[in-house]
Amino acid sequence: MPYVNIRITKEGTTAEQKARLIEGVTNLLKDILGKNPQTTFVIIDEVETDNWGIGGETVTARRQKR
Amino acid sequence: MPYVNIRITKEGTTAEQKARLIEGVTNLLKDILGKNPQTTFVIIDEVETDNWGIGGETVTARRQKR
Amino acid sequence: MPYVNIRITKEGTTAEQKARLIEGVTNLLKDILGKNPQTTFVIIDEVETDNWGIGGETVTARRQKR
Amino acid sequence: MPYVNIRITKEGTTAEQKARLIEGVTNLLKDILGKNPQTTFVIIDEVETDNWGIGGETVTARRQKR
Amino acid sequence: MPYVNIRITKEGTTAEQKARLIEGVTNLLKDILGKNPQTTFVIIDEVETDNWGIGGETVTARRQKR
Amino acid sequence: MPYVNIRITKEGTTAEQKARLIEGVTNLLKDILGKNPQTTFVIIDEVETDNWGIGGETVTARRQKR
């Protein structure tokens, strides 16, 4: 009965991409650890780029430099 | 000083229901473990059904089948 | 299909207390929100007092002052 | 490669304050533990006051009493 | 720069299985969302069966019934 | 009433370093956002290097290459 939390920046991920991610992670847990998909939760959190920092700065600031 | 995080799908939970949930969980921690309510945090996250997977598919897809 | 994470300091909570907490929280989610217990997860994390801070100091330091 | 998650109530924190928080926490991890900023993540979650409980009641209710 | 947290019960998962899980999830995020593996974190938490509840009871109790 | 969770690899961080980290983060939240230290929680999770992945491999594997 695994619980998986995926956190990514909120930058236009589609419902179809999320569905593929959920299916893929659930299959990995079944294939590698034998976990039952019916009790596997996958939750995706989409985080604003102002709220995500890496290298001491926000992703918003980092994107503007490129 | 417990920290409790409750994650549910975003499907119309009312402010009154959230308040009851917070009160109930805080009381449980006081009654069972003797924890002080003044330093008990309860945070409720409401997650879009596109972002929650179970059984390898999104809750959105699952709801449509029923 | 709620997911609940309860974080408490590691200070001798018994298996029986944990079982009561899990049962109590699951019942609250059923009674207040109509959630199905069979897909309700409750995970308890016990955290060393050296690793938990409040008021700018560790719980270990705080306990010693009392 | 630390991961830091900061959860605060959603009450008007500015992008500039978030940027300062991200910079400050990243510097602390470099100064105290020698962690590389390039692989230090800081994620800020802003939570509605209806969804945050302390003392058995929501922050919304608590603010109204003051 | 995704962050993934996988929580499973502590029941003998090997280092090799964990390595495969980390590789698999990282590849999924690259293939489906184009995420850079060098800034993809995957953290696995193994939780004691006394501390994990489903259906209102601990996994320990559930395993004993089978 | 902020909640901060710091996750680092388990590689010999001392109690004194953890105490400094807790004090530093609590002060940042007070200085930048005006948050009350008495209701600021900081929890440090130390994660085994077998359980932390970056770049598609475990930190254990990565450390061995250096």
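Letters A, B, C, D, E and F name the chains as they come in the text, with residue numbers starting at 1 for each one.
Everything that follows uses one rule, which is that a residue touches a chain if its C-beta (ideal position, glycine included) is under 8 Å from a C-beta of that chain, and two chains touch if they have at least 3 such contacts.
Nothing here was measured: the structure is a model prediction, and the numbers come from that model.
K.L.:
Would you mind checking the shortest number of contact hops between chain B and chain E?
P.N.:
So the least number of steps between the two chains is 2.
K.L.:
Looking at the contacts, which chains touch chain A and chain E alike?
P.N.:
Chains in contact with chain A as well as chain E: C, D.
K.L.:
How would you label the chain C and chain F contact, same or different, if same means the shared numbers make up over half of all numbers there?
P.N.:
different
K.L.:
In terms of C-beta pairs in contact, which of A-D and B-C ranks higher?
P.N.:
So, comparing the two chain pairs, more contacts are at B-C.
K.L.:
Relative to chain F, which chain's C-alpha centre is the most remote?
P.N.:
Checked the centroid distances; the maximum from chain F is B.
K.L.:
When the C-alpha atoms of chain B and chain F are each averaged to a single point, how far apart are the two points in Å?
P.N.:
Roughly 25 Å, centre to centre.
K.L.:
Mind checking the centre-to-centre distance between chain A and chain F? Centres are C-alpha means, answer in whole Å.
P.N.:
Taking the mean C-alpha position of each chain, the two centres sit 21 Å apart.
K.L.:
Out of chain E, which residues touch more than one other chain, so two or more?
P.N.:
In chain E, residues 1, 3, 7, 25, 39, 41, 43, 52, 54 touch at least two other chains, as defined above.
K.L.:
Taking the touch definition from the header, please name the shape of the chain graph: line, ring, star, complete or other.
P.N.:
Per interface graph, the chains form some other shape.
K.L.:
Identify every two-chain combination in which the chains touch.
P.N.:
A-B, A-C, A-D, A-E, B-C, B-D, B-F, C-E, C-F, D-E, D-F, E-F
K.L.:
If we count contacts the way the header does, which residues on chain C are in touch with chain B in the complex?
P.N.:
Going through chain C, the ones touching chain B are 1-9, 13, 17, 20-21, 24-25, 28-29, 32-33, 35, 39, 52, 54, 59.
K.L.:
Going by the contact rule set out above, which residues of chain F touch chain B in the complex?
P.N.:
The contact residues of chain F facing chain B are 1, 3, 39, 41, 43.
K.L.:
Using the touch definition up top, name the residues of chain D that touch chain B in the complex.
P.N.:
Listed in rising order, the residues are 7, 47, 50-58, 60-61.
K.L.:
Help me check something: in the complex, which residues belonging to chain D touch chain A?
P.N.:
Checking each residue of chain D against chain A gives 15, 18-19, 22-23, 25-27, 37-46.
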